[in-house]
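Let me give you the structure first, and then I'll get to my questions.
Just so it is clear, A, B, C, D and E label the chains in written order, and each chain counts residues from 1 on its own.
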Amino acid sequence: MIIQNTITSLFHFMPEIILSISSMVILLIGTLEFLKKYVFQLTILSILLASSFSYMVYPETALSLFNASIVKNDITEFFKYICYFIFLIQVLISRKYLNIRKLDSGEFYSLLIFALIGCLIIISADNLIVLFLGIELSSLSLYSLIALDKSNSLSSEAAIKYFVLSIIASAIMLFGFSYLYGLTNSLSISEIIVFSNTNEISNLYLFSYILIFIGVAFKFAVAPFHMWLPDVYEGSPLPVTNFISSIPKIAFFVLAYKFLDGNNIMQIDNFHNIFLFLGIFSVIVGNLYALAQKKIMRLIAYSGVANSGFIFLALYAAIEYNFSVSAFYVASYSFATVSLISLVTYISSKKYNLVYIKDFKGLSASLGFISVLFMVTLLSTAGIPLTVGFYAKYLVIDSLISKDLILVATLVILMTVVGLYYYLRIIWFMFFEPGINSLVNRGDKLSVLILSFIPAIIIMVFLFPEPIFKYIFNILT
Amino acid sequence: MELLLLFIPLLLLTSSLIVGLSSNNLGKISAGILSSTLVFVALIFSSIILFNIYKHEDQILYENFYNWISISSLEIGIGYLIDKFSAVMLFVVLLISFVVHVYSISYMSEEKDFKRFFSYIALFTFSMILLVMSNNLIQLFIGWEGVGLVSYLLIGFFYKKESAIKANLKAFLINRIGDMFFILGIAMIYALFDSFDYRTIFININKVDFENLDSYFGLSYLDLSCLFLFIGAMAKSAQIPLHVWLPDSMEGPTPISALIHAATMVTAGIFMVGRLSPLFELTDFTNSFILIIGSSTALFMGLIAIYENDIKRVIAYSTISQLGYMVAALGISAYTVSFFHLFTHAFFKALLFLCAGSIIMSLHHNQDITKMGGLRSKLPVTYICFLIGTLSIIGFPLTSGFFSKDLILEVMLDNNSTISFVSYNMLLIGALVTVIYSLRLLFIVFHGDFRGGKLSSIKEQSMIILLPLILLAIFSLFSGYLIKTFVDMPIYFYGLKDIHYEGMLPFISHGILSPASIALITGFFAAKILYKDERKFKMLNSAITIKLKSFIQTKYKFDELFIYSSNKTKKISSLLASKFDIGLIDGFIVNGLPKKINKLSQILKSLSSGYLYHYAFLFVFSIVVIFGIILARIL
Amino acid sequence: MDILSILFYLVASVIILSSIALIVVNNTVHAALLLVLIFFNSAILWLMLQAEFLAIVLVLVYVGAVLVLFLFVIMLLDIQVKKNISKKMYLLFSVFISLIMFIELYMVIFYHDFASIQKEITISELGNTYDIGLSLFTNYIFSFEVTAFILLVAIIAAIAINLNVKQRSLKQNPGKQVLESKESRLKILKDEEL
Amino acid sequence: MITMTHYLVFSLLLFCISIAGIFINRKNILLLLMSIELMLLSVNTNFIVFSHFSNDITGQVFVFFILAVAAAESAIGLAIIVALYRVKNSIEINLINKLKG
Amino acid sequence: MISNILSLLIWVPILSGIILYFYNRNEKILNIYNVLINFFVLALSIYLLINFKQDVEAFQFIEKYNWINTLNIQYFLGVDGISTLLIILNTIIFFIVSIYNLNLKIDKRNQYYASFLIANGLTIGVFSSLDAILFYIFFEALLIPMFLIIGIWGGANRIYASIKFFIYTFFGSVLLLISFLYINSKISSFDINYLYDANFTLVEQEWLFIAMAIAFAIKIPMFPFHTWLPDAHVQAPTSGSVVLAAILLKVGAYGFIRYVLPVVPIGAMSLDIYFIILSLIAIAYVGLIAITQNDMKKLIAYSSISHMGFVTLGFFIIFQLFEKTSNVDDLIISLSGSLYQIISHGFVSASLFICVGSIYDRYKTKKISDLSGLLNQMPVYSWFFLFFALANCGLPGTSSFVGELLIIISSFKANFIYAFISSSTLIISAFYSLWLVKRVIYGEIKIDLDKNIDANNLEKLILFTLALIIIILGIYPDFIMNFMNTSLRHISETIIFKL
C-alpha cells in the first residue's frame, strides 16, 4: 500500500521531480564544453515544463502525498504558480548579467533550481521533517549561490553572514520543533493544529511556537531579525538577490499560514501580539534605515524589511484566520520587488554596475521606458494608487482599523510617508537629474518585454482587482 | 424714462470700450469727439430726467433692471433710485464730465495715450453714474470702487514718472482703507436688515429695536456701522487723516484733477452720507464725529494751502478744505446744504483746475507758482475765469460760493450745541484762510512780474480750452441762485430738514452782514499786502510764526505717518516671511522634522557595524527581550 | 542516587564544561578536540536514552567525518592563533544575556508538567536501528530523498565554490589556435555599447 | 532518578552556551561553525529525549535527518570559509565588515 | 444623451495621455492632437453643463458599477452642481493651458502634454467620484503627474519643491485614507450617500474631522500647512503653476465641502473655531507676507493662500451662522461665497501665472527687483497683467469681488472680528497686487530687450479669453449661483439635519 501510495504520489509530485531531474541534467551539461551554452535554455524549458505539468496534475481536492509528508491544495498550487512565474522572469532577465560575470555555469542554474525546489517543498510540506529539509535545501543552495560569485569580494562575506545567522535561526526553529514534538508527540503539522485545538495551551507550547516564529521572522527579515538582509542583498549576485527577495518569502508565508490557520494559538494574546509589535517595529526600523542608504540594493533590502513588517501586521490581522490580506500583500510585494531587482539586473547587464542610488541619475534620458517601469514598480512598493501596492497597504491598514488599532494604523502609514521619500529619491534621480548614462544597452527588446510584464500586471490588477481578490479570499478563508 | 436711465451708463460704457479697445484706425481727434458726443447725449438724457423729476413733484424712480446675485434670500440688483438729490448729482457729474471731455481734446492732444485717457474718463463717468444712481449699497460700493480704480489709473497716467506711480498707489491704498470700513459698514447694515436695498432698509428702520443690539467698543450698533460707512467716505472725500492721497493725486493730468479730484469723485462720500441720511440721522455719536472731522479738515487743510507753491496742490488743498465744509454740514444733518455746497463747488473748483490747466499748458508744464506772475495781460480770458472761480471760492457776495458757504455757516450757527458752535468758529477762520490762500494764488500768478524767464512766448490757449472755462465760469457765477431748490430738496426717505431760510434777499443781506464778510475783507487785505504788494513784516519773521509756518509746511506729518506705516508693514512682512514662515514653519517644522528623521536614520545606520557577532548578539538579545516580556505577562 | 544518575551528571558536566571551554579557547585545534570529546560524551548520553543507532552515527559521522573535515581545513588554512579580543563589558553582557535566556527558558521548562506526555518505555524487540530504518524507508522515504538532494547540493557547492578555474599552465592548445578568427580576437565596439 | 526535565535543562544549557559562543567569539570563524554544531547537538538531544520518554521513534528519525543536514552544512560552511580565506587571506571575524550600514 | 459621459471625461484624456507618452515624432501632430483632445474634453464638459438639471437635488449622470465587491469599493460617478462647475473650470483651464503650451520651447514635449492630459482626467475623476476610495485614488494619483511636471520641467530648485509637494500632500492624504477606512469599518460603505447618512459620536467625529481636515487643509493649503505651495509654484513651469493654482488647490476645497462638512458636521462644529482662526491668519498674515516677496510667482502663491483663506473661512463660519440665525439661507450664502471664490480664484490665479510665465519667458527672470516698466516694451501684456492684478485684489466687476463680498457679509453675521480681519484683505491684497504692478509694470524700463516681444496673437487670445471670463463671472454671477444653489441647499440641509 505504501508503495502504491508512493507511486501515485510521485505522479502528483511530477513538477518538482521534473525540476530536480532537469537540475541534475543541467549540472551534467554544464560540465560539457559543447553543450554549456544550452544551460540557460534548458532551465527555461524545465520551468515551463514543470509549470505545465503542475497544471496537468492540478488537484481537484486537497491531496496528501508521501504518507502525509506533502499536501497539495489550491493554496499551495496558487503560490507555486507565483513562484514559477517569478522564477521564470528572474531567470530570463538575469542571463546577460550572469554571462558578463561568468556565472552562467551549469552549477549555478542547477543550484538555483534546487533552491526553488526547496521553496516548493516548504510550500507543500505537511511534516516538520519535510519542512526542515525544504528549508535547508533552499538555504544551502542559496549560501552556495552567493558564494559562487568569486569575482566579487563581498560575496563570500555575504555568504558567511547569511550562513551563520540563517543556521542560528534554523537551530532556534528546530529547538521549537523539538518542544513541539515533545508536547504533541507528532511531527505532522495538521496533527499539531488538532492538538492545540483540543488541549489547553501550556506555556512551553506557546514558547515553542514563539521559537518557530522567530525563525520565520528571521526568514522574512522582520526587524530586529533583519540584519542579514541588506548585507546579503548587497553582496550577492543580483539574480540570487532576486530569488532571496521573493520566493523564500512566499514559501515562509505559506509555512506561517499552515501553522496558524485554524490554530487556537492565534487567539493567545501573547502570541499574536508578537506579530503586531514586530510588525510595527519592522516598519519603523526598515523605513528609517532605508532613508540613510546610499546603495540601491541596501535600500531595496530595507524597504523589504519595512514591507515584511507589513506582512507581519497582516498576519496579526489574521486572528480570525483571514489570511487573504497577508497573502495578497506577500504576492504583491514579491511581484514588486522582483520587478525592481530585475530592472536593476537589466540595467546592470552591461559592464556598468548599478551600485549607488546616484547611479540612477539621468537614467530616463537613455532608458526612458525602463525608467517608467521602474517608477511604476517603486510606486507600487510605496503603496501609491494606480498600482497594486496600494491595495496591499490598504488591506493591511483596513484590517488594523477594523481591529480598532487606529493609532497603529496611523503610525504605520506615517512611516510609509517617510518611506516615500527614498522611493521618490530614485524617481527624481532618474527623471529630474541630468546625468551621463550611455553605458547601458538599448536594443534588448525581449528583456524589455519581459520586464514590462510585472508593471503591466501591477497596473492591470489595480484596475481590475476583483477576480484576484475573490480568488484569494476564496482559497484562504 | 427708464430707458433713458439705462442708456446713460450704457452710453458711457460704450464710449469707454470703443475708445479704449479700438485699433489705430480711430484717430485721436475723432475718438475725442466721439467720446464727447456720447457724454453729451448722456448729459441731455440726464437733463431730461432732471427736468422730468422737477416737473412731477415727489416722483421717485426706483427700479432694478438687473439681478446681479440672487441666492435664496439674498438679492442684489443693479438698479436706480432717482429722486431730486440724485438727479441733480447725475446732471452735475455729466456736465462736468462733458466739459472736461471737451477740454481734454485739446489739452491731451499731444499725448500718445490720448485714447486711453478718454477711455478712462468715460469709464470714470460710468462708475460715478452707477454710484449716483444706485438703489442699494452694493451697487454704491461697486461704483465707489470703480471710481477709485479709474482715479488710480489716471493718477498713474504718466506711468514713467516715479512720483505719479507712487501717488496712484498711495491713493488707491488709502481709499482701500476707507473701503475696508465701508464694506464692514455695509456688512453691518446687511446683518441688521438682511438686505442691501435702500428701500427695504429705510422702511425697516423703525422696526429695529436698536436698544437690544450688540454694541462694540462702547459704541452702539448703529453708531458703529455709520461710523464705518463714514470712514469710507473720509477716504474718498479726503478728510483728515485720510486726506493725504489727494494732494499727491495732482500727478495726474489736470483735467482729471478737475473732474475726479475736485468736482465729482471726492464728493462721492458726501453723496453717500446724504443718500444714507435716514441712517445717519439716528446716530449722535457719528454725527459729532463727522462734524469734528469736517471742521478740522476745513481749517487745517486750508492752512497748508497758504504755504504751498504748486498751483495744483494749492487748489487740491483748497478742495480738501471745501470738502471739510461739506462734511461739517453733514455732521449737523444739513444734508442738502452740504449738497448745495457740493453743487457750487463742483463748478468753481472745476473751473479753477481747468484754468490752472490752461496756465500750465501755456507755461509748458510749469506748475511752480514762484516761477509765474503777471500773467494777467497774456492770458486775459483765463484770468477772468480764474478770478471768477476765486471770488466764488472765497464767498464773494453774489457768487455761487457765497450762497453755499454762508448757508453752511448759518445752519451751523443755528444748530444749538457746543460742538457745532466750535465748528462754526473753525469754519469761520477757515473762511478767512480760504480767502488768503485763494487770493495769494491769484496775486502771485496773475499779478506782479513774471518770474519764469521770458514772458513773450506765452499765449492764450485755443477756444476748445477756453470755451469750457467760460461755461464753467457762468455756472460758478450763477449756480448759487438755485439755493431755494436745495433748501427745499427732499432726500429719499429722509424728507426735508427744517432750514432757516427766508428768501433770497434776506439771505443775501444777512450773509453780507455776517462775520463771514469780516473774514472776507480781512483776508483780502492780508493777502493783498502780503502777496500783491509783497510787504515784509517783522512779525512774520518772529520765532512763533516761523515755527507755526514750518509746522504747517510739514502738513502735520500725516504723509510721514502713512509712509512710516507702510514701511513698517513692509518690514513686518519681510520679517514674518523670513523668520516665521521660512524660519519657523518651513525651517523648523516642515523641513526640520524630515531633517531630524534623516539624522536619526543616519545615527541608526552608523550603529549597525556589520560585524557578525553584533548581528548574532542583537538576534539573541531580541529573543531574550521577547521572552522576557512574555514571561513577565504570563507570570 | 543510582548509577545512571551519577553517569548522567558526570557526562553532562563533562559536556557542559568542555563546551564552555570550547567557546573561550583560542586554539582551534584544541577546540576541535574538545568537540570530539563532547560528541563522545553525547553519544554516551544518547545511549542512555536508548538511541543506539544515532549514538553510533554521531560518533561515526561526526567524529569520523565532519571533525576530520574541520581539522583538514584548520591545517589547510594554517591559521595564526590570535587572542580573542572581546572587551570585558561586552563579554560580561554576552554572558549575562545568555544566562537570562537560559533562565527564561528554564522557567518555562521547569514549571511544565511533563507527566502527561511520558509514556511507559518499552524496548523494541527488533532494536532501535530496525525501527528507524523502517520508518525511514516507509513513512519518511520522501524526506530521505530530499536529504539526498541536500547532500548533492553540499557536494556541488563545496566543489563549485572552491573550484579554481584559473589556467595555471602555459601549454599551447594548437586546435584552439587554429580555430581563432579575426572576429573572435578583435571586437569593434560602437559608442552606444560602451 | 533522572527525569525528562533534567535532560531538557541540560540540553537547554548546552544550547545557550553554544549561542553565547557565537557572539562571544570575535576572532575565529571556525569556532562559529563548532558552536553551530553544538547547537544542533542540543537540538538533537532534545529530540532524543522526547523520543525516548514518549516512546516514539519519529523523534529519532528527525535526528537522523538533522545529522545529515548538519554534515552538509558544515561542508558548505567550510567551503565558504575557504573561499573567504582566499579573498581576505584571513578568517578573523572582526575583519569581515565590508558590508554594513 | 451620451451615457457614461463622466467616464468618457475621465478616461479619454487619461488614455490619450498614455498614448501620447509613447509618441514622440512630429511636433505638429503632437500639438494638434493635444489641443484637440483638450478641446474634446471641454466640449464634453459643456455638454454635461447643458444637460445638467439645475433643480434636481440628487446626483446626476450617475454611473455605478461594482468595482471591488470584497472591499465595498464601487466605481461610482456622478455630479451635482458644485462638481459640474469645478469640472468646467478644470476643462477650461486645461484647454487654455494646452493652447498656451503651443508656444513653449521644451524638450520631451510629448511627455509634457501627456502629464497634463492625465492630470486633466484625474482631476475630473476627483470631482466626479462619489465613492470615497475612488475619490481618494484619483486624489492621490493626481500627485504623480504634478510631481513629474514640477520635477522634470521645473526651475533650478525643482527637486526640493517637487518632493516637498509630493510628500507633504501624501502625508495629508494618508490621514484621509485612515479616516475613510474608519468610516468604512463603522458603516461598511464608501458610498457618499451612506456617508451622508452616517452618524458618529462626537469624539469620533472630532477625530475624523481633524484627520480629514488636515488632509484637505494641506491641499488647499491652509495656514500653517501652506509652505509647500510657494516653493512648488516658484519651481513649476508656467503651465504647471497654472494648473496647480487653478485646479489642484480646488481639490482640497472640494474635499471640504464634499467629504468633511456634510459627513462630520458635529466634529467640525466643535472644532470650527480653530479653523476659523487659521483661515483668518491665512487671510491677514499670509497676505502680509506676500507684500515683500521678491519673486513674482511666490507673491502670487502667497496671495493664493490668502484667497483660499476666504474659502475656508466661508466653510467654517457656517456653524456659527447656524447657531446665531438657524437659517439655512445664511449657510447657503456663505458656502456660495466660498465656492464662487474657488472658481474665481481659479481663473484669476491662472491668468496671473500665465502673465508671469510669459514675462519669464522673455526676460528670464521672475525677480521683481530685476524688472521695471514693462508697459513700455510689452503694453498688451502689461495691461492684462494690470487687469488681473486688480482682479486679484477683488475689484468689483471682476469675479473675485463676488466671493469676497459674500464671505465678508456672512462672516459679519457670525462674528464682528471675523469680518474685520477678513475685510482687511481689501487693503492687504491691494497692497501686494498693486505694489507689484507699480514695480513691474510702471516706471522706466530696466532691461531693454530691444525686440518686439509683446504678446503674439495666440497669447492675446488666451489673455483676452481669461479676462472675459473674469469679467463675465464678475457681472453675471447668478448663473453659477443658480447652478450651485440646489446642491448647496442639499448639503446645508444635510449638515443641519445632522446637527
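Following the convention adopted for this analysis, a residue touches a chain if its C-beta (ideal position, glycine included) is under 8 Å from a C-beta of that chain, and two chains touch if they have at least 3 such contacts.
Bear in mind the structure is a predicted one, so any value in this text is a computation, not a measurement.
A.B. asks: Going only through chains that touch each other, how many steps at minimum separate chain D from chain E?
C.D. replies: Each step joins two touching chains, and the minimum needed here is 2.
A.B. asks: Spelling it out: a chain qualifies if it touches chain B and also touches chain D; which chains qualify?
C.D. replies: Common contact partners of chain B and chain D, which must touch each of the two, are A, C.
A.B. asks: Using mean Cα positions as chain centres, tell me which chain lies farthest from chain A.
C.D. replies: Result for max centroid distance from chain A is chain B.
A.B. asks: What is the chain whose Cα centre is as far as it gets from that of chain C?
C.D. replies: Chain centre farthest from chain C's centre: B.
A.B. asks: So which chain ends up in the middle if you average the CA atoms?
C.D. replies: E
A.B. asks: Does B-E or A-E have more contacting C-beta pairs?
C.D. replies: B-E
A.B. asks: Distance-wise, how many Å sit between the C-alpha centres of chain C and chain D, to the nearest whole number?
C.D. replies: Distance between chain centres: 6 Å.
A.B. asks: Using CA atom averages as chain centres, what separation in Å is found between chain C and chain E?
C.D. replies: 68
A.B. asks: I'd like the Å distance between the centres of chain B and chain C, where a centre is the mean of that chain's Cα atoms.
C.D. replies: 100
A.B. asks: Distance-wise, how many Å sit between the C-alpha centres of chain A and chain D, to the nearest whole number?
C.D. replies: It comes to 26 Å between the two C-alpha centres.
A.B. asks: Could you list which residues of chain B touch at least two other chains?
C.D. replies: Counting only residues that touch two or more other chains, chain B contributes 594, 605, 608, 610, 612, 616-617, 620-621, 623, 627.
A.B. asks: Residues of chain A that touch two or more other chains: which are they?
C.D. replies: Each of 129, 133, 136, 140, 143-144, 147, 160-161, 164, 168, 182, 185, 203, 207, 231, 292-293, 421 in chain A touches at least two other chains.
A.B. asks: Two or more other chains in contact with one residue: find those residues in chain E.
C.D. replies: 167
A.B. asks: For each chain, which other chains does it touch, given as pairs?
C.D. replies: Every touching chain pair, ordered by label, is A-B, A-C, A-D, A-E, B-C, B-D, B-E, C-D.
A.B. asks: Using the touch rule from the top, collect the residues of chain E that touch chain B in their complex.
C.D. replies: 164, 167-168, 224, 227-228, 285, 288-293, 327-329, 332-333, 336, 373, 375-376, 390, 393, 395-397, 401-402, 405-406, 408-409, 411-413, 416, 419-420, 423-424, 426-427, 430-431, 434-435, 438, 441-444, 475, 477-478, 481-482, 485, 489
A.B. asks: Tell me, which parts of chain D touch chain C in their complex?
C.D. replies: 1-10, 12-14, 16-21, 23-28, 30-31, 33-35, 37-38, 41, 44-45, 48-58, 60-61, 63-65, 67-76, 78-83, 85-86, 91-92, 94
A.B. asks: Using the touch rule from the top, collect the residues of chain B that touch chain E in their complex.
C.D. replies: Touching chain E from chain B are residues 67-74, 138, 141-142, 145-146, 149, 152, 156, 159-160, 162, 165-166, 168-169, 172-173, 176-177, 179-180, 183-184, 186-188, 190-191, 214, 216, 566, 569-570, 572-574, 576-577, 581-582, 585-586, 589-591, 594.
A.B. asks: In their complex, what parts of chain B are in touch with chain C?
C.D. replies: Of all residues in chain B, those touching chain C are 617, 620-621, 623-624, 627-628, 631, 635.
A.B. asks: For chain B, which residues are in contact with chain A within the complex?
C.D. replies: By the definition above, chain B touches chain A via 594, 597-598, 600-602, 604-605, 608, 610, 612, 615-616, 618-619, 621-623, 626-627, 630, 633-634.
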